[in-house]
Structure formats: structure tokens, C-alpha cells
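For clarity, chains are labelled A, B, C and D in written order, and residue numbers in each chain start from 1.
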Amino acid sequence: MAPILTVTNLTKKFSGLVAVNDVSFSLNQGEILAVIGPNGAGKSTLFKLISSFLRPTTGKVTFEGETISGRAPHAVARKGVVRTFQEATIFKALSVRDNVLVAHHLRSRAGLAGFFLGTTRARADEAEFARSTDDILGFLGLKDLADAEAGSLPQGHLRALGIAIGLATNPKVLLLDEPFAGMNHDETMRAVQLVKGVRDRGVTVMLVEHDMPAVMKISDRIVVLNFGQKIAEGTPSEIQRNQAVIDAYLGSEDESIGI
Amino acid sequence: MANRRSALTFLGAASAIALTAALALPAFAANPVLKIGFVGVTSGPAAAWGTSNVRSMETLADMWNAAGGVTIGDVTYDLDIVTFDDQKDPKLAIQGMEKMAQEGIHYVVGPNVDDGAAAVRPVAEKNNIIYFPYAFPKELYTAPASNAVLGMIANYQSGPAIYKYLQDNKGVKTVAFLAANESDPLSQRDGGVAAAKALGLEVVADQDTYANDTTDFSPVVTPIVGLKPDLLVLSGVAPANAPLIIRAARELGYTGLISTETAQDAAVLKEGAGDLANGFISVGGASTPEIRSDEMVKFIETYTAKFGEYNDESNTKVYALQYIIDTLKANPAALENVDEFKKTIDGFSAPNPYLKDPEAKLSYVGSTSFGQKRQLAVPMVVNEYQNGEFVTLFVGQVD
Amino acid sequence: MMSDRLQIIGYAVFAVVMLTVVPFFTVLAGRNDYLYTFTLIALLSIASAGVWITFAIGRINIGQSAYALVGGYVSAILVATYGVSFWLSIPLAGLFAACIAVVIGLPILRLRGVYFSMVTLVSTEVARLSALALPITKGAKGMVNLPMPGPIAIGGITLVPDFATLENPRIAFYYVAIILMLITFLLVWRLMRSRIGQLFVALQQNEDLAQSAGIDIARLRVIAYAISSFLGGVAGAVFSAVSQSVYPSSFTTQDSINFMLNCFLGGLGYVFGPIVGTFVLRFGWDLLFQAQRFQLLIYAAILIGLMLVLPNGLLSLIPSRKGAKR
Amino acid sequence: MEQVLVNGLYLGAQYALIALGLTLIFALMNVLNFAHGQMYVLGGFVTYTVYGQWHLPFPVALVASAVSLALIGALLEKFLFRPVIRRSKRDESTMLLAAAVAFLFDAIILLVFGEKGRGVPKILNGVLNTGTIVIPYDRILVAALAVVFIAGFMAFMQFSKPGRAMRALAQDRTAAQLMGVNVNRYSNFGFALGALLAGLVGGLLVAIVGVNSGIGGAISTKAFLMVMIGGAGVVGGAIAGGLVLGMLEAVGLTVLHAYGDITYLVIFASLMIFLAIRPNGLMGKPWG
């Protein structure tokens, strides 16, 4: 498997504090990679660096051979690297369908003026987006709720809608920010299946997560951060046996690696 | 849905109130009613300007109506003053003038500021309205404009007289100007600077401005006080600001003279600056006890009884309505036809009831400044504030 | 939510009424003053529509007066100094305002909430002070005695007569303002119905999420702000012709606040909110003219009352299915 | 130049006090109180009436201003702002309400107190003149009182129970509620306190600059500027913003006095640039 996205010597400092320190790894086409680590390990910062919501102090992120770090987030998304957000980040006042429809925008071939004038190309775009939206809503089990105001959805569906918004952009790499946080066991298992389904649609997935059992179940490979540095990388079974990882998690009291 | 119902009920009630207010007619009067309009500012920071206009007009109207009305030609009318607050907004000033046209009014006092006066011109000319602005731009009164009549002495008329007097009598050699950063005061300042230079005075500051909403003037006057001019001119100063500027300048150690070319109010000066305002020079109408007639005294008493307190700005503003009515009396045809009014203007002359001097006359002037008679001849009384009262320095005339 | 078809029919009826019935009856009733009131309402609602668009992207714009003032001056300078036709000066004034909006908007649109509001509030003051200080605007003296709009003729056929020759130019200005208003709101409605409107709402809801979905939020924000300012410029240009003058104080902070109030009062969720809000506020002021010195008091009390019973705007009285509406 | 700095400091102290109440209400309720300036004017007229007309001692007048405005603030919050916040779909609605309240106050003030500028007898006579600095004693007293009030307010917010509750509320409304803070009660209390501060500073400044019925809107705008410079919703920011604006005006008016017409243009334009560069002011919390 060829790397689709590569992180090279990535470092981010916040006024002297090093949040991410010289991290390198790569993401292979079609895999599910999880980034884990104790609280404050720098997972969120790394996540924002890759999606370009933050600019690295040094180092770079390349996607399909092209440097994407330092570019505007929307430009990175257009390249095919799309992130989701923690918790219920959706367009609350729009209907579920419109949430997904609007996220199709980067795929449009007609310009803004075209949409205003309603040109043939814009109408073709709209028709295609509508089809794609139906497809995505069906895939995520949101079809029946398509006309509901998004803000009124229950928690589980909100998470699915967040992923639907991500999928609408037709990403090559989907970055999921704690997709299982706050879910009970059953919900998590359903979500795990969902993420696997996303991968089966040909989308490479990278996720940042706390829920160890879910991570072990879902990931092809795992990268472990501690104090901003990468301390391990490997398959779930390798990570479970890695002494450095065990020490790191034992050192922090609030979490267990679940072995 | 109870919510929507209560909303509808509220809307209904509100419109009912508005309608009642709109339809409420003025009390029945024995005589036919002659409406005279006012469009100007009676709210906001400049409210004092328009309010003194409105109150002067209402006081005069009350006095005359109580005495049986005013007789123009063969008919005796009761006066009704119709007022519109333009909030110092030219857009509303036009709306106000349209309202006046709608009410069939041909004579309107106001607006109080330059932009409003310029904006209402098209409406006034289309609807045959003669209006009496308290704004100084010469374009308003110079041909081809013909429907505006300046209601007071312009600063470019009083300024030179005051500066000349101070130059001759108080040895003034250097002058500094201070103006609010707004159209009217800035224009007046530029006129004042030109006048001072023409007299050979040295202008040491002609660029100092302040925001009109300034409350504390120490930082504003500090640089000027440092220049130690003989005379500090407050161009177009709002009555509420004058005492604050005077106080700030005096407390910072300024010892020269301070003057302005607009009308001020002694009570405001007294409260705002106290003794520090002594020696402050301004322009009034028929103000000081030395020159005012019994009629004027009666006017002040009626005004005070009606509104609780007099405003010295009304010394000038009392004239507009007097002129309108007296000119109409001189030519009743002008009631419906303002061209008749314009014809009457040129030769008009009537006794001035507000001055003791039996020779004092009301007449239209402005030939020198505007090339046509488009200004009320108001006595140019230059005052000095002393311990809560204005004392006459000298009385001038405008032609 | 009313269907598109219903809305179009409703708007067409409104347009016909405004173009025929209203002028007919005001002239018949001899209420010439209302013609000006309606003209003013139409112009102010155009400017308010601009403010409404910035609301649609989640920005509270208290700076529309700056652009109205710019538009007024651009039109006045073009017409009076360079002899350009007034009709051509309207779009030019709008475009000039839009260009300034792009330059200013790029940095300040990064601000959110009250910070953006305050910067826009300050920009009104900057525009006023610039008009006072610049030589081309004639400073404090303002630009007065502007000519009336000239004729439009194509191939010898006079489409629009010279306003100076008209017996009653008020009715002519009424038509100019009303037609511009009708066009403006039709376009804004179309804009909000299109994908662009959906994108605007997405921006208003969550800029980060929109960005992560590949939407170029900086560009969209500037576009929205430029359209908004264009409308402000147009309104200002026409007003300078109506009053035949423009002063640094022709549009002030108070107007900026009023534009915002118009939008609020009509309802931020409704494209036609600004028309309704402007109409109620301005016409209310007009009716209260009889109340004389209690005018402001009654006006403010009614405004507060409306806020209490209808915090989501007057148009929220119209029943709507579900929450989604625009 | 010393004189200019003294002017700036003095102006800054009174501005800071004006900005405090505004920022408090903003921090607690996310309401940009357009009526802040009108509250200031009301406070001024109360002191004018009590001290200037009834000739009671100045401190009594100040207390009267503070208490009456606190009462007005509490009533406004309970009967106007709270219901509207509860029922409105968008936060901005409170802005309209505040603007309408500002209109209402303007109307009432004009009807009750008239259109004239008002002043009161000096509270202290005499001028301190050191040769380089000239400053009247009453200004020194007012500036000192302003500093005392600011310090008192900060101590109150820091050490008292209501102060701590309000700070928690400003930090995070939901979290504060979970921690058992009575949100309604302290919103009400905070609004009243904000109004009290406006009234207090209005009353205080009557002694120096008098009061004028139409000045409210301008005061509000100025207070907004200070709050923006310092950073919205932060007490320290309001104080810093007040001082900065005071200094800017004092220094700007002197340095640019030869170009008078553009002084404020320069101040405002630099403000826009500053905010574009530092979107949250000197120390504000980020929005949203």
C-alpha cells in the first residue's frame, strides 16, 4: 500500500510550549489509522495541523506528493483531506438534507454566478448533488430524517450527520475527531461499523480517539503520541504489547489502555 | 398559538392608539385657523435649537390667540403652529416639509442646520413654501434660490463686526478658532477666519476641531490655551457645549477673550460655567433689559409661565413668526400665493414691537450678502455675559 | 413555509399594487407627502436589504451609512462635476461602494460578533469625517443644488423624461425608488433561494465547519459584504438626487442603527423582513407626526412592545410549517 | 506635554468607569447595551436634581443616582431583556431591544428634563498649578473617586460571593448553572450593577461637564469603542480601553492639532486597523 498522506517532522509550538514535537508517520491508501495518546499528548493539535486549521512551526504535511500544510483549510478540503469535528458540529438551522447538500459545494463545476442565474451546468450540479445526498443519507440511515431541522436530531444521529457532511465533499482522506466520544457500548459498535463502511467506500480514514476497545477493533494501524512526541506506531496487537505505550498510559491516571 | 393571538391583539391596540393619535384634531376654535409650520430639530443633542424656535412660536401664537386672533385683510385667524421634528436628519427634514405642503402650509420656520435646509429646498420650491432656515450657506438665499429667508444674523455678518469692535476696544491682535467637526460649525469657522484675516488680525489657530459629542474639553483646548491668543472664537458652538469649553479653557489658565457668533442662553452658561463665563461674548436678538420693549417683557413672561423657563435663544427666534404675520398683514394676497410674499418683501417695513426704540423697524435685508432681500433684519445685539445675565456691548445692523 | 410559486405570486401582486394602486390612490387622495414617504421607505429598505444580507452570513453590520454616504457622493460628484448621466451614476455608485467594501471587508470580516459590529459602527464615522476632510466632496459645505435626473432616450424615443421638466417629480422619484426596491428584493430573494443563500446560512451557522467542507468562507463573506455595500451605495445615490444635495451628515450612525432595526423588526429569517421593518418604522413615525412632542416616546414604546411580543420579527406572525424558513 | 498626559490620565479614568458597566452587562448576558449612554445621562440628571436643584450634599446625590439606576437596570432585565432572550431565536434581538430602550429613555429624558444643557455648582473650588501642570481640584477629586469606584468594583467582583458567581456566569453560563449558580438572579444583579455604574459615573461627571439630554447615544458609542479596544467582556479590558482612548484623544488632539479636521479621522481609522489586526482587542475573549 502506498502512502497517500505523509507527515514529516511536524512541530508546533505555542508561545514556547511544544504541543507537537517532530512527529513523522504516513497514512496508507485505504487504511484506518488511529492516533491515540493520554490527555495533552498533542492529538488535537496534530489533527488541526493535518487539516490545516493550524499552521506548523516546522515540518510539513504532504498529500499525494503535494505539500498541504500552511494552505487555507478549505483549499486542503478541496484537495480531498476533510475533517469532522468533535460532538455535534453541524449547521443547526438547516434541514438534514440541506446540511449534506451544502457540503457538496466544493464539487460544483458551475460558479457562484452560475448558481444565481440557474445555468444548465448549475442545474446539472444540483441534480447530481441531490442524488449523492440521497445516497449518503441512505448509507448513514438518515433518510427518514432528511427534512428535520438538524438542530433537533438526537445525539447519535448528529454524529452520523457530521460524517455525512464529511462524505459529501467526496474526500480521499477523512479525518475523524473523536467519533465515539460520549457513546455507550451499543452506539459505539454501530459507529465502528459505520466507519468501516466509510472505508469500504474507498475513503482512507484517520481518527483521533480515546475509546481504546473501539480503536483496537477498528484500526489497521495505530500511532501513539505522548507529550507531543510519537512513541510508537504499529498494528493494534503490536501497540498492546509495546512497553513505552503501557508506561505512558500508566503514567497518566485518568485513562487506561484497556488491556 | 396564544402567543400569536396576543401579538395580534397588541398590534391591533398599537395601531388603534396610533390612529387615534393621528386623527385627534386640534380643539375647535371660533376663528378660522391659519397654520404656520416648523420643521427642525427638537430631539437629540441639538434639541435646544429647534425647541427654542417651537416655543417662541407657540408662545406668540398663544398670546395672539388669547387676544382674539390675528387679523389679516378682512379675516381674523387663530394661529396653529404645526411642528415636525426632523431629528437633524435631512431625510426627515424633507418628509417634514412634505407634511407641511400636505397641510397646505406656505410659511415654515426652520430647518436649523445646513444639510436639512439644503435638502428641503426642492420641496419648498415645488410647493410654494417660504421657509426660514437658521442655516448660513449663501447658496440658500442667493438667486436662483428664492424661497428661503435667513432667520437670523449670519456669522459672516456678525463676525467682522465683533472682531472689529474687539480689535478697536480691547486691543485684540491674535485670534484662535475652535469648531465642532460638523458641517455648520466648520463652514462658520472658515467664514470667521476669512473675516478676521481681512481685518488684519493674526489667526494663530484655524484647524482645531472637536467631536460634537465631546463632554470633556480639557484635551481639546489645551493646545489652544498654550498659544495664548487674545481672542478665542467658538464657531457655531452648541449652547450646551459653550459653558464646558469656557470652563475648560479658563481652568487651564486662559485669560484672553472668548466669543461666538451664535445665540446662547444665560442660564445654561451660569449653570455650566458660573463666574468663569463672565466676559463671554455672543450674539442675541432683542435680549438685554436696556433695549427690550414691554412687549418683549410680556413675551418672556408668557414663555416662562408656559414652559417653566425661558431660553435666551428665543430672543432671536421670536422674530420669525412676527415677520411672517406682519408681512401677511401688509399683503393678504400672500396667504395663498408666495409670489405675492416675495413681492412684498422688498418694500416691507413695520414697527419692531420688541425694542424700546420707537424708531426700530422690521424689514427684510440681505442685499449685500445675497444680492436679494432674503434675510430678516434682526437687531444684531452683541452681548457680554456677566453674572448670570447678558449685558449689551453694542447693537449693529445688517443690510 | 410558503412554496416558491406562492411567494412569487405574492410578490407579483405586491409589485403591481405598489406600481399602480398605491400611486393612484395617494394621488387621488391628494396625499403627495406619502409619495415621498414611500420613496424614502423604498430607498431605506434597499439599504436595509444590504444589512440583512450581512446578517445572513452572521455579521451584525452597523456601517451601512458609510456606503450610502459613499454612494451619494459618488453619484453627486459624477453628475455635478463630470456631467455623467444620473442613471449611469447609480450602478457606478453601487460598484464604487462595493469596491471599497472588498478592500475594507477582507481584513474586518475576520472579526465576529460585537467586534465586527463595532468596526462597522466606526466606519460610518470614518466615512463622515472623510467627507468633511476631502476636497473632492467639498468638505463641510456639502454638495448642493445638484441637477435633477436627465432623460433616457434610445433611438430618439424618450423612455424616461427629464425630471426637471416634470410637473410632479415626486411621482417620478417614487417610481424610480419603488422599481429599484422591487428589483433589489427579487434579486435578493433569488440569491437566498439559490445555493449561494444556502452557503450564506451555512456560514452564519458555523464558519469552521463550512471551511472544513471546502467552502471558501473568506471569499463568500466578501461577496456578501460587497453586495450589501452595493445596495447601500445605490440607495445613497438615489437619495442624493431626491434631495438634490449630499452632506457629510446625510447618512449618520443613527441611520446605520435604523437599518439594523428595520431588519430585526421585519425578521432576520425573512428576505422581505427589511421592507416590512422599514415600512412599519418609517410609516409609524409619519403617523405619529400628529402626536408632536410625544412622537418619540410613543414610537419607542411601540417598538419595545413589538420586541416583547414578537422577538423574531413581524413576519413571524405568518404561520410556517416546521422550523426551516427563509 | 505633562499637561497632555495628565489630561489623558484624567480622561482615561472617567472613560474606564463608563466602560465598566457596559462590559459587565456584555460579559454576563451577551447584551450590547445601546442604552448605556442614556443610563449615564439619567444618572447625571438625578444628581443634577438632587444636588443642583434640591441642594442636598453631593455624595447623597451620587447615591441617589446609583440606587435609582440600579433599580431601573433590575427592572429592565426582569421585564424586558429576560423574556426577549428566552423567546428569541437569535442573540442579536437583544440589540434591537437595547436600541429601543435607548430611544425610550431619550424621549423620557427630553420630556422630563428638557433640552437644555445642565450644570451644577462646583464641588470644589480652586486650581492646582505646578507650573507645568494645571488641574482644578474638582477634577482631581473626580478622578480619584473614579479610581476608588473602579478598585471597589474589582474588589467586589474578586472577593464577594455575588462577584464570584457573576464571574463564573461570565466564564460559562451553562457550567455556572451546573455549579448551582442562580443564573436568573445573578443576571439580574449584574444588569443592575452595570446600570448602577452608568448612573454613578453620570452623576459623578455632572460636577465637571454637566449633562445634556441628547448626549446618551454618543456616550454609548464612545463606551463601545473603549470596550472594543480593551476587549469585550473583560473587566481589565474595559479599564485598559478607557485609558487608551483617553490618552489617544489627549495626545492626538495635541499632536495633530495643526491638522485639526482630521484628528478624529486618524483616531478612528487607526482603531479600525488595530481591530483588524487584533480582533479581540487588547485582552478580550474570542467570540463564539
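FYI, contacts are C-beta pairs under 8 Å (C-beta built on N, C-alpha and C of every residue); 3 or more make two chains touch, one makes a residue touch a chain.
Predicted, not measured: the structure shown is a model, and the values here were computed from it.
Undergrad: Once the contact rule is applied, which chains count as partners of both chain B and chain C?
TA: Both-contact set = D.
Undergrad: Which chain has its C-alpha centre farthest away from the C-alpha centre of chain A?
TA: The chain lying farthest from chain A is B.
Undergrad: What whole-number Å value describes the gap between the mean CA coordinates of chain C and chain D?
TA: 32
Undergrad: Please compute the C-alpha centroid of chain A, do the same for chain C, then give the distance between them in whole Å.
TA: For chain A versus chain C, the centre distance works out to 43 Å.
Undergrad: Could you please state the distance in Å, as a whole number, between where the Cα atoms of chain A are centred and where those of chain D are centred?
TA: The answer is 46 Å.
Undergrad: Roughly how far is chain A from chain B, going centre to centre by Cα mean, in whole Å?
TA: From the centre of chain A to the centre of chain B is 71 Å.
Undergrad: Hey, what residues on chain D touch two or more of the other chains?
TA: Touching at least two other chains: 106-107, 110, 217, 221, 261, 264.
Undergrad: Going by the contact rule already set, what residues in chain B reach two or more other chains?
TA: Each of 42-43, 181, 186 in chain B touches at least two other chains.
Undergrad: Quick check on chain C: which residues sit in contact with 2+ other chains?
TA: Counting only residues that touch two or more other chains, chain C contributes 129, 132, 254, 293, 296.
Undergrad: When you check every pair of chains, which ones turn out to touch?
TA: Here the touching pairs of chains are A-C, B-C, B-D, C-D.
Undergrad: Which residues of chain C touch chain B in the complex?
TA: It comes out as residues 30-33, 35-37, 40, 44, 129, 132, 139-142, 144-145, 168-170, 239, 242-245, 247-250, 252, 254-255, 284-293, 295-296, 298, 302, 305-306, 309-310, 317, 319.
Undergrad: For a test of understanding, state which residues of chain D touch chain C in their complex under the given definition.
TA: 26, 32, 34, 80, 83-84, 87-90, 92-93, 95-97, 99-101, 103-104, 106-108, 110-111, 217, 221, 224-225, 227-228, 232, 261-262, 264-265, 268-269, 271-273, 275-277, 279-281, 284, 287-288
Undergrad: Quick one: which bits of chain A touch chain C in the complex? Just the residue numbers, please.
TA: So the residues of chain A in touch with chain C come to 51, 53, 72-75, 77-78, 82-85, 89-95, 98, 101-103, 105-106, 108, 112, 115-116, 118, 122, 126, 147, 149, 151-152, 165-166, 168-169.
Undergrad: Please name which positions on chain B make contact with chain C in the complex.
TA: Contact set of chain B toward chain C: 3-4, 6-8, 10-11, 14, 17-19, 21-24, 42-43, 83-85, 87-92, 94-95, 98-99, 101-102, 113-115, 118-119, 121-123, 126, 137, 139, 145, 181-187, 190.
Undergrad: List the residues on chain C that touch chain D in their complex, please.
TA: Touch list, chain C to chain D: 55, 60, 104, 107-108, 110-115, 117-119, 121-123, 125-126, 129-130, 132-133, 253-254, 257, 260-261, 264-265, 268-269, 293-294, 296-297, 299-301, 303-304, 307-308, 311-312.
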